[in-house]
Amino acid sequence: MGLLTLIVVLPLVGFVLNGLLGNRLGKGFVSAVGCGMPAMAFAVTIKCFLDLKGAGWAPIAETAYVWTMVGQDSFEVAFWFDRLTAVMALIVTGVGTLIHVYSTGYMHEDKSYARYFAYLNLFLFFMLLLVLGKSLLVLFVGWEGVGLASYLLIGFWFGDMEKAAAGKKAFIVNRIGDAGFLLGMFVIYSAVGTLDMPHINKAFTSGAAPAVSASLVGLLLFIGATGKSAQIPLYVWLPDAMAGPTPVSALIHAATMVTAGVYLVARMSGIYLNAPEASTVIAAVGALTALMAATIALAQDDIKKVLAYSTVSQLGFMFVALGVGAYGVAVFHVYTHAFFKACLFLGAGSVIHAMSGEQDIKKMGGLAKKIPITFFTFALATAAIAGIPPLSGFFSKDEILWYALASGRGGSWLLLGVMAFTALLTAFYMFRLLWLTFFGKPRMIKEVEHHIHESPPSMTGVLVILAVLSAVGGFLSIPHFLEPLVALPAVRPGMDAFHYFVVGGSIAIALAGLVGAAYFFGGDAARAAKVRASFAGAYRVLNNKYYVDELYDRFINRPLLWISEAVFLKLGDRLLIDGTLNGLASVAQRTAGRLSRVQTGSLHKYAFMVLVGMVASLVWMWRNG
Amino acid sequence: MIADLVISLVFIGYAISVLMGFGTILTWVERKQAAVMSDRIGANRAYIRIPGTQVKLVWLGLFHGMADGLKMLLKEDFKPRTYDWYAYAVAPWVVFTPVLLVFAVIPFGGSLTPARLWEPLSAFFGDKTWPMQIATLDAGILIVFAFSGLTIIGAMLAGWSSSNKFSLLGALRAGSQMISYELVLGLTVLGLILVYGTVNLDAMVRQQSGIVLGFLPAWGIVYQPFAATLFLAAAIAENKRIPFDLPEAESELIAGYFTEYSAMKMGLFMFAEFIEIAIIGALFTTLFLGGYNLPYMSDAGFAFPGGAAVAMPHGAVVVTQLGTFLLKVFLVCSFQILIRWTLPRFRYDQVLMFAWKFMFPLALANLCVTAVVVWAVRS
Amino acid sequence: MDKVQMLQVLAASLFALGLTGVIIRRNVLVMLMCMELMLNGVNLSLATFAHTMGSAVGAVLVFLIFVVAAAEIAIAIPIVLLLVRRKRTLDIESYSDLKG
Amino acid sequence: MSRKPHVRKQYWNEPEMGLWEKAYLPEILRGLWITGSVFLRNMGKWMTGRKGALTTYYPEETRWDYAQANRGKHVLTRRPDGTPQCVACNMCATVCPAKVIEIEAGFDPADAAHPKYPVRFEIDYSRCVFCGLCVEACPEDAIRMAKEVPNLPSGDRWNMWLAKEELLDWQPQSDVAKPYPPAPPRVPDGERG
Amino acid sequence: MTDFLANLDTLLLWAFAGCAFVSAALMLVLRQPMRVAIALVSCMVFLGGVYGLLGLHFIAAFQVLIYVGAVMVFMVYAIMLLDPRDESGGEKFSKLLWPGIIGLSLLAEALAVGYWSDLPGAPRGAAGEPFDMVRFSAAFLSEYWLHFELTSVLLLAAVVAALAVIKENRRHDHG
C-alpha cells in the first residue's frame, strides 16, 4: 500500500473504528482515534510533499486497485499527487486535524460523540478521495461522499426537524449540481474516452478533443461546482447548513468541501483555458454571487449566518479569479480563506460556547474582555478577511482584484468595480460583526452573562494556531508555486501601471470598511439604527435574503408541483395510462374469468401440465429440430 | 496399477488401524487423564491374563478400551418400539462412517518411496513415489466439511426415530448446533485458505515445512493464531463435547439423541465421538501445527538454522514423519480432553448465541483482516 | 453406451422421476424433495458436460444451482411450516384455495 | 395465543462480568492453566516413580490416616486352651442391625462349663455396618473389634463371608486394653521373635 | 487383475449411477417422508460419488456439503418438526397416479428417441483437459462474477423472504 493510499485510508480506518466501536470504548478512545487518524494523514501528506519536492515536483501517481474493466477501458482507483493536490491535501488534512482537536472540546458534552467523530472522519476520507483522485470518477465518488458526510453532519442533531430539513436541503440542492457534473463526465468520456484528469487536460489543451465540447463540458462541470461551492443559483443550501455543529461549519462549509468546486475548476483548467464562454459565465456568476451574498450579510443577525454569507461571497471571489483564468490565485484564496474562515467559524463556535448556545449578535456585545483569546483571534481573522495588510487575506484578495482588472482573459474595469465594492462591503459587515459581538454594552440576559467563560485549551489553542496561520499565511505565494502547473494569465497591455493603484485601493477599501463599521456600530450602534430606519425597505429585503427561497418556491417548486399534479397525474396517469390499463384489465378479467377454469388449485395438475408441455415440446423438437 | 492398489490398501489399513487405535485408546486416555487431573488414579483394573498362568497384564489399565468394546458387543440390543426401524437402524452408521472417511484426505506422512525403503521392493513398486495420503484430492478441506455435514443427518435421524421426547430434543439441538458451528468452522478455515492459497491439504502441509522469522516453524498457528483458537472451539462444538455437549447433556436429556440406543449401536455413537476427537486432532495438526513436519526437518534429514545438518535414510524419515504426526494428533486430543475436564457446560441458548453473536463475527473479522493483510502483502 | 451417455440418461431419468414424484405424491415435503431431485438431475447433466468439454461453464452453473437450491429450500420450508400451522395437514390437496 | 414477555429474574448477587471475562479466552486459558498444571504435576510424579494421586490403590494399599479409634474387623477371643470363648448365645446376631452374623450352635457334653459352642460363626462383611453393637451385647467378651481395615474387596461376594477360622486370629499380646487371658510368663527380650 | 483395476473406475461409476437411480425410484414409492428423505440423501451421496469419479472433486464435495449438509438437514428438520407420522391414514398417491406414470413413460420415450437419434457421446478428438479447483475458481470469479453477484442477490432476497415469513408467523402468534 503506497503512501497516497495510506493518506486516504487512515481517516476511513478512523471512521470504521469510531463507528463500530466508538460507543463502547469511551470518549478517550474516540478522541484518540478521531484526532490521531487525521494527524497521521497530515504527517503522511507532509512526507508525500517532501517526496514530491525531492522528485523535482514530478507528480506522483499511484494505483490502489483496478475497480473494473469495461471493454478496453479500465477504471482504477488511482491517486495523483502534484502541486495543486499537495496544497489542497495539506489544507484538508492540516485544517481538518485542527478542527478535530477543536471538536474534542466543543462536542465534549454531546451524547453522540462517537458518531460525530465517525462522520467527521468519513468526511475527511471522502474529501481526500476527492482531492487525491486521479480520475474524474474517483473525484466524483469523493464529491458525492462529501455531500453525504455534509448531509449527515448538517442533520447531526436530527431530532430537531429544522436541522434535519436543512440537511435534506443541502443534499437535494447538491444533487442538482451533481446532475450537471455527471452530464459533464458523460460528455468528457464520450469525447475523450477516458476519465483520467491529466489525460483530459492534455487532450483539451492539445486540441485532440473537439473544441466545441470544451465550453459545454466547462459549463456542465461548473453547474456541479455551483452546487458544491454555493454559487448562484444553488447557494441557498449553505446558509441553512449552519444548522450543523459549528466545527462542521468551519471544516466543511468554510474551509474544505465548499472549495471543492474551485478545486475542480482549477484541476480541469485545461478545459477552461479553451472555453472562454464558460470562463466568462464563471466570472459573472462569481461576481454576482460575491456581491449578492455580501449585501445579504450586511443585514443578518445570526453570527453563523453572517459568516455563511461571507463564505458564499468569498467563494464568489474565488470564482471570479477562476473566471479570469487566474487559477493559482483562486487556489491561493482557497488557502488563505481556509485559515481565516476556519478561525472565524471556530471563534464563533467559541463565542456560542461561551454564550451557552446564543447565536444572535444583537444579544451579545462587550465580550472582548470576558473571552480575550477568542476575541484576539477573531479580530485577527476579521482583519485578515477584510484584507488589512499584511495579513493573509490582503494578499489573496489583492491578487484577485488585480487579475479582475488586468487579466488578459476577461479582466475589466466593471469587474474590478464590482469586486472592489464587494470587498468594501466585506470589510464593513465583518467589522460590524466584530463590533456588535465584542464591543459595546453587554446586551444579553443576566444568567447568560454570568456564565460567560473562556473555552477549554483544546479550543483556544486551535484558535491561536489558526489565527497565526491566517496572519502569516499570505507570505507563501501559492500562485507562483503553482505557476508550472497552471500558468497565471497574461496581463492586458497597458495595465501594469495600475498595479499599485489596485494595491493601494484595496488597502483603502479595507480601512474604509473598518472605519465605517466603527463609525456606525461604535457605542450603542445608534447611528446604524438610524440608517436602518431610513432604509427600512432595503433592509427588509436584505434581511430576508432577497426572498430567494420564496422566489424558488414560487417559481420553481409550485409550478413543478402544479405540472406534476395537473398534467402528469390527472391527465397522463389517471386518464391515459390508467384508462388504457383499466380497459385492458377489464378485457383481461373477462378472458381470465373463462380461463380460470383451468386453474384448479391442484398443484398436481399444474405439474402434470408442465409434464405434458415438456413432452410435447420435446417431441416437436425431435421432429422439427 | 497393482502397486497403486497395494499402496492404497496399505494406507487404508494404516488409517483404519490408527483411527480404531485412537478410538480405543482415547476412551482410556479420557478417563485416565481426568483422573490424573483431579488427583485420582483412574482406570487401572482391566487386565489380560496370559492363558494357563496367573500372570495378569494390567499395563496401567490400558485394556479398559477393549473391555468396553467387548461389553458393548455382548450386551443385549434393546430396541424401542418405534415407527421407523429403518431410520433407527441406519442412524448410527450415518454418524460413524463419515467420521472415518474424513481421514482419507488427511496426509499422515510425507512421501513414501518403497524402493528406497528396502531394495528388493523396487522389483514390484519400481521407483514410484507416493504421497502418504489415501486420496490426494484438490478439494481436500471441502471433503472434510462435506462429510462432517453428513453426521448431522445421522444425529437427527437417530433422535427422531427413537420416539422419545428427550431424543427428539437432543436431535433438534444437535441439528441447530452443528449447523451453526459448521459455519464458523468453515469461516475460520477460509482465512487459512487465503494464507495458503490452496484447499489441498497436502499442499497446505508442504507449505508449513519452512521457517518464518528465522526460527519459528511456518505453521498455520503462527499465521492464524486466532483462527486456530476459533477452529478448535468450533470443532469441539461440532463434536458435541463439553462445554458444548448440549445435544447429549446427561443432566437434562439423559443421553440426548441416542438415549434409546443400547449395546453396540450406542457404542458406535460413542466410538464415533472418540474417533472424531482424533480426527479433529488430525485436522488441527494438519491445518495449524504443520502436519507431519518437524521443525527443521526435510525429506533429506534435519537442517538446523545454525548450519548443522543431519542426514537421514528414507526409512527413518518416513518413520519420523509418521511418528511426529501421531504424536501431534495425540497431544491435540489430550488438549481436547483437558478442555473437556476443565470447562463447565453452556446453557443451550448460550451455545447458539455464542456461535452467532460471538464466534461468527469474530471469524468474519478474522477473515476480513486476513484478506486485507494477504492482499497488502501480495500486492 | 459409454459412460457419458449413461450419465446423461441417468440425469434425464432423475429429472423425470422427480417430475413424476411431484405429480403423483401428495405430501408437500415429499414433493419438495422431488423438486430437489429434479435439480439434481439437471446438475448431473451439467456436470457431465463440464467433464466432457473440460470447460468450467457447466461447473459454474452447477454451483449457481446449488445456491439457488439452498435459497429455494430456505423459503419453501418456512412456507410449508406456515401452511401446516393453518390447516394442520401436509396433504397438498387440502391447499387448493386458488381454484378459479 | 398471547405470550408473556419472558423477564429474567434478577438476583441480588448477579455476577457482573468485566471486559476481561467477557472476552472468554483469557479466563478459559486461566482455567486450563490450573487444570493443566495439576495434570502436569501429577504426571511428573507418576513419571518419576512417585505417586501422583491422593486416592489409594485400595486393596493393595490402605490409607495411613485412619482414625485411632477405627475398628474395622471382628475377632473372636479364645480361652487359654485355644477354644473360642463364644457360647453361641446368639445375642450378637440378635442385636446386629444389619443381620450379618450367623451362628450355628453345637453341643459339647465334655465341657461341663461351656456346653454350647459355635460350630459355625460367620460374618458377612458385605453388609456389616461396623456399629460395634455385637461387642456391646456379648456377655462373654467373646467378640471384639480390632484396629484393622476390612480389606476384603473381591470379585465374588462369597469371599466376603468370614468364617470362624478366620475370625479366631486374636493375638492377646497386641490387645493392650484387655490382656486376657493373663499374660504368658515373661520371656527374656532376646528370645521373643 | 490389471484389466479389472483399469475398469474399476467405470465399474464404480456404473454402480453409483445404478444406486442413485434406485434411490431416486424409491422416493416415489416409500410412504414415510423420513424414508423418502433418506432415499434422497443416499441418491445425492451417490451422485457425489459419481462427480468424484468424474474428477470433479470439489463439485462432489459441495454436492454433499450443500445438498446433504444444508438442504437435506433443513428438510429433515422440517419433517421432524411437522411430525407427519400422524397422517398414516392418508392416501399415498394423488389422483393423478396413472396419468403421471403415463406421462413419465411418454417423457422417457421422448428422451429415448432424442437420445438415440443424436446425443453426443464421450469426447471425441479434442478431449477437454480436466480442470482443477484453481482454474474453476478463476473462471468463476473473473468471467462469471456477474452471475455470482446476481445469485447472491437472490440469496439475500431469500433471506429477507424467510425472515418475512417468520415475522408473519410471529404476528399470528401474538394476535
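By written order: A, B, C, D and E. Residues from 1 in each chain.
Just so we're on the same page, contacts are C-beta pairs under 8 Å (C-beta built on N, C-alpha and C of every residue); 3 or more make two chains touch, one makes a residue touch a chain.
In this text, all values refer to a predicted model and were calculated from it rather than measured experimentally.
Relative to the centroid of every protein C-alpha atom shown, the closest chain centre, again from C-alpha atoms, is found for B. The chain with its CA mean position farthest from that of chain C is D. Simply put, of B-E and A-E, more C-beta pairs touch at B-E. At the far end from chain E, in terms of centres built from Cα atoms, lies D.
For the pair chain A and chain C, the distance between mean C-alpha positions equals 57 Å.
Taking each chain's centre as the mean of its C-alpha atoms, chain C lies 7 Å from chain E.
Centroids of chain C and chain D (each the mean of its C-alpha atoms) stand 71 Å apart. Contacts with at least two other chains are made by residues 19-20, 23-24, 26, 92-93 of chain C. With touch defined as above, residues shared between interfaces to two or more other chains in chain A number as follows: 604, 608, 611, 614.
Shown for chain B are the residues that touch two or more other chains, of which there are none.
Residues of chain E touching chain B in their complex: 1-2, 5-6, 32, 34-35, 38, 41, 45, 48, 57-58, 60-65, 68-70, 72-73, 76-77, 79-81, 85, 132-133. On the chain E side of its complex with chain C, the touching residues are 10, 13-14, 17, 20-21, 24-25, 27-28, 33, 36-37, 40, 43-44, 47, 50-51, 54-56, 59, 62-63, 66-67, 70-72, 74-75, 77-79, 81-82, 84, 87, 90-94, 96-97, 99-101, 103-104, 107-108, 111, 115, 119-123, 127-131, 135-136, 139-140, 144, 147-148, 151-152, 154-155, 157-159, 161-162, 165-166, 168-169, 172. Looking at the complex, you find that chain C touches chain A at residues 19-20, 22-24, 26, 31, 92-93, 95-100. Of all residues in chain D, only 24-25, 28, 31-32, 34-36, 38-39, 42-43, 46, 52-55, 57 touch chain B in the complex they form.
Against chain C, in their complex, chain A makes its touches with residues 595-604, 607-608, 610-611, 614.
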